[in-house]
Each structure stands twice: as structure tokens, then as C-alpha cells.
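Sharing a structure below in C-alpha cells format, with a few things to ask.
Order of writing sets the chain letters: A, B, C and D. Residues in each chain are counted from 1.
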Amino acid sequence: MNELKYCKIKEIDNICLHGRIDTTLDVVPLLSNGHGIEVNVTGSQLWADVEADYTDFEPWAAIEINGELISRFMIDKGHHRICLFRGIDPTRTTRVKFYRELQAMSDDQTTNIVIKGLETDGEFQAPPAYKYRLEFIGDSINSGEGSYGALTDEDWTAYCMSYSRTYVNRVGKLLNAQCRVMSQGGWGVFSGWDNNRNHNIPRYYDRICGLASGGANDRFGAAKPYDFSSWIPDAILINLGTNDCSGFNQPPFTDPDTGAVYKLNKKEDGSFVKEDVKLITDAAVNFLKTVRKNNPSSHIVWLYGMLGYDLSLYLADAVNRYKAESGDKNVTYLQLPNVNEKTVGARSHPGLKSHMITAEIISDYLTEHFSNQPLS
Amino acid sequence: MNELKYCKIKEIDNICLHGRIDTTLDVVPLLSNGHGIEVNVTGSQLWADVEADYTDFEPWAAIEINGELISRFMIDKGHHRICLFRGIDPTRTTRVKFYRELQAMSDDQTTNIVIKGLETDGEFQAPPAYKYRLEFIGDSINSGEGSYGALTDEDWTAYCMSYSRTYVNRVGKLLNAQCRVMSQGGWGVFSGWDNNRNHNIPRYYDRICGLASGGANDRFGAAKPYDFSSWIPDAILINLGTNDCSGFNQPPFTDPDTGAVYKLNKKEDGSFVKEDVKLITDAAVNFLKTVRKNNPSSHIVWLYGMLGYDLSLYLADAVNRYKAESGDKNVTYLQLPNVNEKTVGARSHPGLKSHMITAEIISDYLTEHFSNQPLS
Amino acid sequence: MNELKYCKIKEIDNICLHGRIDTTLDVVPLLSNGHGIEVNVTGSQLWADVEADYTDFEPWAAIEINGELISRFMIDKGHHRICLFRGIDPTRTTRVKFYRELQAMSDDQTTNIVIKGLETDGEFQAPPAYKYRLEFIGDSINSGEGSYGALTDEDWTAYCMSYSRTYVNRVGKLLNAQCRVMSQGGWGVFSGWDNNRNHNIPRYYDRICGLASGGANDRFGAAKPYDFSSWIPDAILINLGTNDCSGFNQPPFTDPDTGAVYKLNKKEDGSFVKEDVKLITDAAVNFLKTVRKNNPSSHIVWLYGMLGYDLSLYLADAVNRYKAESGDKNVTYLQLPNVNEKTVGARSHPGLKSHMITAEIISDYLTEHFSNQPLS
Amino acid sequence: MNELKYCKIKEIDNICLHGRIDTTLDVVPLLSNGHGIEVNVTGSQLWADVEADYTDFEPWAAIEINGELISRFMIDKGHHRICLFRGIDPTRTTRVKFYRELQAMSDDQTTNIVIKGLETDGEFQAPPAYKYRLEFIGDSINSGEGSYGALTDEDWTAYCMSYSRTYVNRVGKLLNAQCRVMSQGGWGVFSGWDNNRNHNIPRYYDRICGLASGGANDRFGAAKPYDFSSWIPDAILINLGTNDCSGFNQPPFTDPDTGAVYKLNKKEDGSFVKEDVKLITDAAVNFLKTVRKNNPSSHIVWLYGMLGYDLSLYLADAVNRYKAESGDKNVTYLQLPNVNEKTVGARSHPGLKSHMITAEIISDYLTEHFSNQPLS
């Protein structure tokens, strides 16, 4: 074993950053699920110099070595020297990925992990090369809620969410794709599960990590405009609508700031009030326009179904309307199987099996799509 | 063992008939896949008195005992005394289903199986009672093409089709539903895989077995109008569009009778010509109207995706258009996973695994739907 | 389609016969499970000229095309012209296997299927070549009892047995091995499930098909000595002991011919009486000697466990004793997983899943064994 | 959230300790895989006060909440305040298990984890009650080597070992059994994989944690005699022999202390030298005697096969010899399926799938055994 050398994270060229990261910083903040670093490194060991914080929702992280999950843990407040691996033949090159499991916490603006440096007795080699770039936008499903935890778990805890067990991570492995996620449990394309209309993903899409903005995280660039030209996805997969739909079954929401009261309504026969559905589909159409404006070349797929099909026809209609209004043909709709008792995880959310099934459907679809289309 | 008694099939009251059957006949013709008889019978044995015919495509049949497939075989031309079971303790009640595997053969109007009587040393008991009634309308997928046969099989043979291994049969078992199928390989809602516009299912929907009409089968009522009030489905599942889509990639079809030339066209950029897609979606809308007219209370589900998603958004649009034009809310769209290398069967069609996955998705969906809706 | 030509079965050189067959006959009798014929043939169709008989237990047969099961059916008494396939492009070569599903029926000496000829419009090509030859000796497990039928089926019927769904058939496919089975439900290496000591397999091992001998089948050579040099197995797998063990829990058996009363006994503490177990293990040792004498070069594997482990240590001891007494090292013992509620089939016997699991274990074992040993 | 209270670990009565623990200490040392603590606790959070150490092989630990794995991580040297959970509704009772993943490290006598206290804002309730007690004795298989890690991983690292993914953990869940493991990668019942005869498990069986004895761990009682009456297993499962067998294929080992040279030898024909096998089987017989002496009432099962069957007959012979010599009937032999390419994990060791298959076989076996035997 040679001596350990400390490298400031920003001085390591041979590194692959995952997620939208403010590159003007001298640290790498992990503000959202899937944010992380990945290296190919020789040497017997690798350590990360990390600082973390939180008030209510503690951040979780995971380590993959040579593509396999090895470790998954909470990071407490304060400074930590985290071992990413040790005990390996120093002449070997080890592929290591260290990433955040927990979604951006809009409910806790103090939650963050910051990587400041790496320590190793080896050398950083050219980092892994990916064939595709994929962006996934979604809600609790993309945040992996229920992918960890017992079927009986009832609390909304940080540990029950993950990137590691989601279909996002799995699609990445199946396609050798670098994946980014932007997701928030309970949020929708128009409004949240509880009719809160502030809880829509589109309003933060053009920020580096708007979901975690405000509070301490703004010093890590969370609220800064995102430069879409910096990382052009081959495909963008939007899995939204599940929480919007929930609003029809929830009581009204009163906006604490404005006092406005919001509610999506059903008719007496149980069907959706047409104008209320249109609020959702209009939001979907508008979001597709926003996504396209910022990503002119990406294939766009609207995903839906893992937690119920109720909005299926409406979301398909939104995609059709968007296509008609925009003339854009590079977009489609892909329905996913609803969870059942064999595939459900904690908190009535998709479990690992559901995510694996979804990942196969998506990767099959994209494989065929990409085989017909030259890569962007 | 008591003596065997011969009972004319029409004199057996305790019998469950499967499929649309012309009840004015003194025989039970099996003109289409899933057509069959089912009894609960005591006695040590049961034999069927059967006549069959064909020119090009021989009929196949299957026997299920107590819900499990026991036998599957071709029936040659002529008269046969087919053993449905033997060697069973005569005091026991055995549930037996004898049914046709092969779809109605529009390409061979002589193909049929006719049941004339049953012979047993037991007594017919009250036949099995089903909780639901389901009608499935489709193409080669519903006809089970590829559900039997080697991956390398290339010919379009009778043996490679089945009812036994299809999702239709499986959904029936999962939901305790009596299922009827109307399906034809290569046909669509508007036109066949080869652009032949005569090959659309809707034109025969109101006949007892219009797909097998013409020729010898008309004496079995194939071409007669069907009385929709005789068997009211709880749900109707339409799996059409796959062959229509194929027309865009096939050469033009010249109608042999009229000389008209038909072709669905793509633009240079590979996208579908809008007017041509509209032919399909108009046909879908019209078919939904026809189905609804004849089945006022049934839940309607349009299924699609097992052999490609290309028309997904268009078919969803057709369902949406139908809903808007008719005000009918009792209809939905359910996308199914495309086959992949793990699930494919013979002739690049869905194999047994694909059918099992589909069956689970459909039965999950219907279970939830029926739990929210009182049975019609 | 060319004209059909009838070929007497014994005049077809390009044919692969499965099972021990008396080759002095001018027909091919299928006296036992797995007995059959296999051809590679061009032409659009192939028919078999067959005669069958039975009194109590009707024979069942199956057809595989290009390695996949296509058909499975009872054959009634009398003469039949059975279609093995039709409707195939006549320029193609089709691989067809037609074989008996039902075990040799020691309880019905009239049960048989006899193939007299084949009819085709094509030409017989060189038949399939197998890499290995495997002989499987056993009881109801090898006879596939319970591999067909509902979990609730209670009668010992012909239909609930098979070759098609057994691990024997599956191992054959996994290893490209030609497999022969000699098996009889209820029989043991020493005595049957009911303490009947006549029901031991070894006494018939050196006959062509001693299990079906006596009665009509003797004219098909059933009772003739078998020429072991005619087909030298690479491995012989003996799955016996399960029924012997049952005798400890069954009442005494009175031999109808001699009046002798037989019973394997347990002590009061539930353990086996040592002398009684020794009857079984002595029989196992002797059978190993017999098998070795007749098959000097074959690898021998004693299989056990699919229906309980109670004799496991005793059978291993028998194999060890045989090894010590004979100096033979080319023999081993392989325990198989007991059925459980996920893998059980009809009549509390191994179901299809259990057979598939077993097949994988055996083929893994043999693959490794053969990779270390040159083929005999 | 109430205030956090610190409880010294030895002052908590409502706690379930896993593994052989020296109860005279005022801390709970986790010296071996599966060693840990388990509580039912109310409150919003629970923290563990932990100290750890190592030189070469860092300890790993895992957290299960309500029976599901939530976290798995290395523990670095020094003092740590480890969060076992937080963010849970404080009125709920949460079941938490915190345990060591890494085997006792005979190669690093400094490796340990010590729990000194727990901190919570809740109350400790009656701990989980288990139905059975099971002891598992083994080698790298029991140490979960290869249950984590990529197929391509080559180094013998701490992270590639686990308790969480082993069949031991799974059997415990399937049977509601409290499980203890004593295992050491590379060791055998007679000698280690490299012919090192010091590396046999039996010599340490009667110590609390003899495998970790010597060095710092002796202050945690590792080398103390173990009181077998303190925890009486319903069954003891010994999975040894795999490494002994390896010695036949490895070069001689020279004992560094004595200079003695050890080697298990094969004959020219590839078979084992009889006397050398006898060294192993004698050791197995003796170990069975030792185990029985210390555990008069426990059912004993010798397991073997997950990494090859070569010693199968010899180990069965050892069990038989032990039975004959001792008159003990409460012992059996259970063979397990060899890994294959579908079930293998890292370092050519059993992967998660192999462990799950094994767990099902063992739990099926024990379920049946216990249903016939009253619990001890």
C-alpha cells in the first residue's frame, strides 16, 4: 500500500459527475437522488471527504463497486471520512460510484451531502463511458419510495426511498446509460397528491435543483438556472400524473400564502369533472413544450401506470394534443404495469420487483427506439 | 363401471357452452377458438361423439380436467369417438372442458368440429358457474399464434395457434370468468397486415361466427346474426391495431374483386401519413360505437402493445375521440408490455410467458375495476 | 404437395428409435414411457400408421416438433392414422418425435402402441444426432405421475403420467442427450410402496421391457433379454428408494401366490428396524452390481429426495458399500430437493416446476462430470 | 419528539442478543457474522453508541427494520454514534436489528465492533420472540462470501461477505428462528482449502468466539469457554467439507510453527487416496461427537454441495459412521444444489439466488422435521 494522497474533488479530472451539478463550486454537492461521483481508480483504497447536514430528513447514500451495490447508509450531520472501498489489490482498477439515495428534500432545505475530496493510494483512470444519456422526471415512484422498507412500514422516512433500487438505476445498467433523475414524492405535473398546486415539478425544471432550493442549499447552486446544453439527453422520461390524480380523492387544499383553496373534483357518478382534468392535461402539454424547448433533440416518453391507470387516457390525450399543437413527432406514451401484491413494496408503493419489471419494459422500448434512430 | 349411455348433446341440460353457438342446431359446432363444452359429470369415463372437417387447416382441440390442460390434439376429417377422460372413480364428480384450439379459419371455410353427443356411465351435474363474462376481440395474439411451436418454426400452421396458452384462457382462470374470443390472425380493426381492407374484424362482429362464414360452416349458423342479449359480457377487451400498423410497412394490396389498390403510407421522415392513420382511428371509433350499441352495459377495454407500441397514441386518441363523441365513460385503454427475447414464442409472436404476463396485468386491472363497480 | 408415400417403419433407415426396442420385429412397439421414433423429414406432412390396445390403462402419446411439445393425447384401441404434422413448407426439414407418455403398465399387460409405418410426401433425412446417452431408472417420479393433472386430482389415471414434462425429457434437451427410462409407479429397488416385494425394478432390468411383459406384449419382445451392448449409456441415473421407504408406514402385504406376508417395520421410537433397512440397502447394492455388470463403462448416479429424504443416509450408505465391495469408483449419489407447495403437482407428486428444478441440478452435475471425463 | 435518553447496553433488559456473547461484559461485542442486538422500541429514533477497530479487514454491519434490510455499511475505527432509525411516528413500536455482516476474522485479531449503549426518545418493549433456535456452522458459504460484489470481483474483501444475504438469515425469516453462525472462509472440518490443518472449525467450537480469539478480542471473551446450556438449538446445521476437499487440488502446506508439511493426495487416476479422505471423515465423525456432547437434544444436519459434490458420499459415510458408533439417530445429511451460472455470485461463490434456493430447501426440511418432532 502506498501512501494516501488527498485530492480536492475539483482537481480530479478523471471523474464522472452524476446529476445536475453546479460546476462553479469547488465542491460537489449531492442535492438530489442519483447525484454522485464515479471513478475508475487503481490503488488499494478510496475515501471520500464529505460534509452533510439535515434538520428533519437525513440524507442517505450508496456505494456501487464494479456496478454492484455494496453499501447503503445514512450520513449524519457534520464532517465524515467515508471509505468507498479498501482491501483491493492496488494494481487493479476499481470502478466506484458514490451517490445520493434520497430525493431532493423540498420539505427540508437543510438536507445535503457535499463531497470535498477523495483520498487514495492509487491513480484516477479515465472514468466509465456511457452509451446513452437519460433524464427521468417524476414523483415518489422515481424517488424509490417503498423500494426499501417492510410492507408494514407506515412512516414517510428517508430510508424507504432510494435511487439504488429504482427502475432508473436498472435502466441505466441495462442500457449502459448515464441517468439523471428529478423527482419529488407527492408532487405532480399540475398539483400534488393533496391538491397543493405549488407542488408541481415543471416550475423547477429549469433550475439546477429547484426542488432543494431555498435555504442552505442555494449556496450549492440549487436555485441557479440550469444550462440544458451542458448535458443533452438521448431520451427524457416523464413519469407524472399519479399525484395529480390523487387530488380528485383528497380534500381541498388551502394555500397558506394566498388563502386560495384548491380541489380537483369528481362528479356524482364518480367521473372526473372535465375542466379539472383539463387543468392537469394542460399542465402536461405545457410541460412537454418546456421540456422540448430546452431539449430540442431528445426523445420524450411519458410514462404512467405503476400506481394506477386512472389518468391513462387523459395523459395520452395530453401527449396527442402536444403533438398536434407543436408538430413534434419525437414523443410517445408508454404505459407501465400497475403494482400488484407480488410486486408492491413498502407504503403501498412499487417494490423492487415492480421496478425491475418497469426497467425491462423501458429498456426494451428504448433499445428498439435507439436501434431505429441514430443517437443524437 | 356402469354401462355407457349415449346422450345427444342437445338433450343434456347440465352443460355449459363456450363461445357463440347457434342454439337452434341439434349439434354443438366449434367454429372458433375457445368454443367448447364443459360439464361436471360423475362416472368413470366420458366420450365425445364428434365430426370434423377441413381442407387446408386442420382443427385442433384441447381437454381440460378440473381446470388443468390434459390433452391437445388435431382432429382429422370424419367421425371420431374422443375420450374426454376415463379411469376415474365413478363416484367422483369430474369437471371437463373440451374446446377448440384453432381460431375460426377465414382461409378455410371447411374447417370445423361438431359435437353430436356425449357418452358416459355417470350423470351430468350442475355445470361450473362463472363469476364474470368476458369477451376478447383480437388478431393472431388472441388466436395464440406462436403460443405453441419452436422459436425456429416458420410456417403458419394450425398447431402453432391455441386457446389453451393464451392470456384469454389465463384471465378466465384468474378471475373465474367465462371467456369468449373472436380473433383472426393477420386482421385489424381497419385492415389486415398486408393492407387488405376486407380483413377487418368489425364487419363480422354481429354474426355468430362471421369469420368462419361462407362455405360449409353456414349450415352451423356461422353467418347468422348474433343475439347480443343472449350473453352479456361484464367486460369486452379489444386487442386490435397491431396488423393495421403493419400495413404502413407492407406493399400495396390489390383487392381481387374490385381491383382497388390499398396502402397505408409513411412520409419520408418515417412518420405515418396523418390521413392514413385516421382511417385506422376512425375504424376504431366506429367499432367502439358498434360494440357499445350491442353491449350497453359492458366495460370496454382497448388493449395494445404486445407486438409493438407504434399506434399507441393513435389508439388512445381513438378511444378518447369515441368517449368525447359518445359521452360514454365506461371504456378505457390498457397498454401491454411488448414481447422481448425472454417472452417471445414461435413465429416472433408472444410466447407462453408473454401471455402469462399479460393475463396478470389484465386480471389485476379487471379485479380492481370490478371491485369498484357493481357487476352488471 | 407431392403424393403421400407409405413406408413400412422397418424400411426407413433414417430414423432414430427411442427406448429399448426389439429390433427383430417388423413394427416398432412403444411399450414404455419415452419409447418412440424421431425423424428429420422434408415434405408438407407426416402421418403415422399405428395400432393400440389396452384394457384398463389407455396409452398416451406426445408429438414434439423441432424440439417443442405440440400435442399430447390418448390413443384408443384399434388402428389409427395419426397426423404427426401437416401444413409445412415441403422444402423445409422438420424434426419430429412421436413417443409414448405412459409408463410400461405392469397392471395392464394389454396396453401398447405399435407403429407400423409412416406416410409422407417428403424424404427422410439423416436423423438427429445426440451427444450423450442417458438411462434413467425409477418409479412414479420418472413416470411423471402428477406432472399433468390438477392439484385436486385423486385417481391414478393414465393422463396424469408423462414423459414430456419429466426431468428426464428436460435433461435430454439441456444436454442434447438421448434418454431412456425404465420406471414403474409404486415400485422400489427392494419392494413396492405397499410392501409388495415383487414390485422391485431390478428383477426386470435385463429384459427389453420386463415391466410390460406377460400377456399380449410378449409378442413385441417385452420379456426378451436385453442386449446391453446395443446402446451404451454415458450415465445411468437410478431414482429408487422412495417407494421402499413407504413400506415402513404401510400395512403388511400378503403375497397372493405364496401367502407370504411382508412388512418393513419401525421401532417404537419411530426409527427404522435396522434389519429391514438392510433389505433395501442390500437390494440397492445388488442392483448397482447388476447395473455395472451390464454397463461396464457408464457413470452411475443414485438420485433421491424428490418425495422425501428419509432413506437418504441409507442409500448413500448402499452406494458406499457397493463402492467398497466392488472397487468401482465410477458411481455417485445426488440428492434432489423435496417437492414443496410451490413445486408439487397432482397426486402429491412432483409437478412440472419440481421436474424443471431437478433437471437443472442433474444437467449441471453431468455437464461438469462429462467435462472432466472423456465420453465413453 | 421527546428528549433522547442514553441507556447503557447492559442496562437494557428488553433486548435480544444474537450470537454467542460474553454476558459478563458491560458492552456487547460483535465478534462474528450475525452477532447483533434486536429491540422493539417506541420513539422517533434510535442511535447506537459503538466502537470499532481493525487492521486489515474492516468490520461491516447491517440494520434491519421490521424485518427488512435497510442499511449495510463498513464501520471505521474509533467511536461512532450510529443512527439505527429516525423519523418514525414516536407512538409506533419499531423492530430493529443491528448486526455484524463480517465473519469473525481469524486473519485480523483486531477486527471488532462493540456496542456500548443505545439512545432513544422511546421505550424498549418486549423484544421479538423466536419460535426456533438454529446454529449454523460452516465456511465461506456461511460467511456469505460472494453474496455481495460483482461477478468480476477478485479480491477477498470484507464487503463481499455478509450475514444479510446468506441462507442463514433467510432460513431465520422463513422459520421465525433465531440463528447463530460460526463460520470461517477457507476453513474445513479437518483442514483448510490450502491444506492448512490448523484451519479447522472444530478446534474452536467450544469457545465463545475462538475464531476471533487472540489479540485484542480476548478482552471481549472470544477465547472463553462457551456455555452450551445457555442457548439450546433446536437444530444445528453443519456445512463443512468444501474446503477440506479443495486440499486434494492444492499444493502442500508447510506449517510455519512446526515445519510439518500437509497435503491431501489424489491417485494417478484422479481418485482420492483413501487414507487422506479418512482424515476428513474421521474429523467429521469426531466433530459430530463433539457437537452432540455439547448439544444433547439438538437435531443435527450435515449440509453439503453448494460448491461441488466431490465429498458427498464420504460425508454421508461419516454421518453414517457417527450414527453407528454413537447410536445417535437425531442426525441427518442434506445435500444442496451446486451453484450454476444463474446462481453464482462474486468470487465464484454462491450468490443471492443460490442462498435463497438453499434457504428454501433447508426451511422445507426443518418445517417437516419439526412438525414430526416436538420442539426440544
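Worth pointing out:
Definition applied: contacts are C-beta pairs under 8 Å (C-beta built on N, C-alpha and C of every residue); 3 or more make two chains touch, one makes a residue touch a chain.
Bear in mind the structure is a predicted one, so any value in this text is a computation, not a measurement.
Among the remaining chains, those touching subunit B and also subunit D are A, C.
Averaged C-alpha coordinates give centres for subunit A and subunit D that are 38 Å from one another. Remark: subunit A and subunit B have CA centroids separated by 43 Å (rounded to whole angstrom).
The mean-CA centres of subunit A and subunit C are about 56 angstrom from one another, to the nearest whole unit.
Under the contact definition stated at the top, not a single residue of subunit A touches 2 or more other chains. Taken as a contact graph, the chains are arranged in a single closed ring, with each chain touching exactly two others.
Taken together, the chains touch in the following pairs: A-B, A-D, B-C, C-D. Every residue of subunit B that touches subunit C in the complex is listed here, in rising order: 56-58, 65-74, 76, 81, 83, 85-89, 92, 148-150, 152-159, 346. Interface of subunit A with subunit B (complex): residues 269, 271, 305, 309, 312-313, 316-317, 319-320, 323, 329, 332-335, 337-338, 340, 360-361, 364-365, 368.
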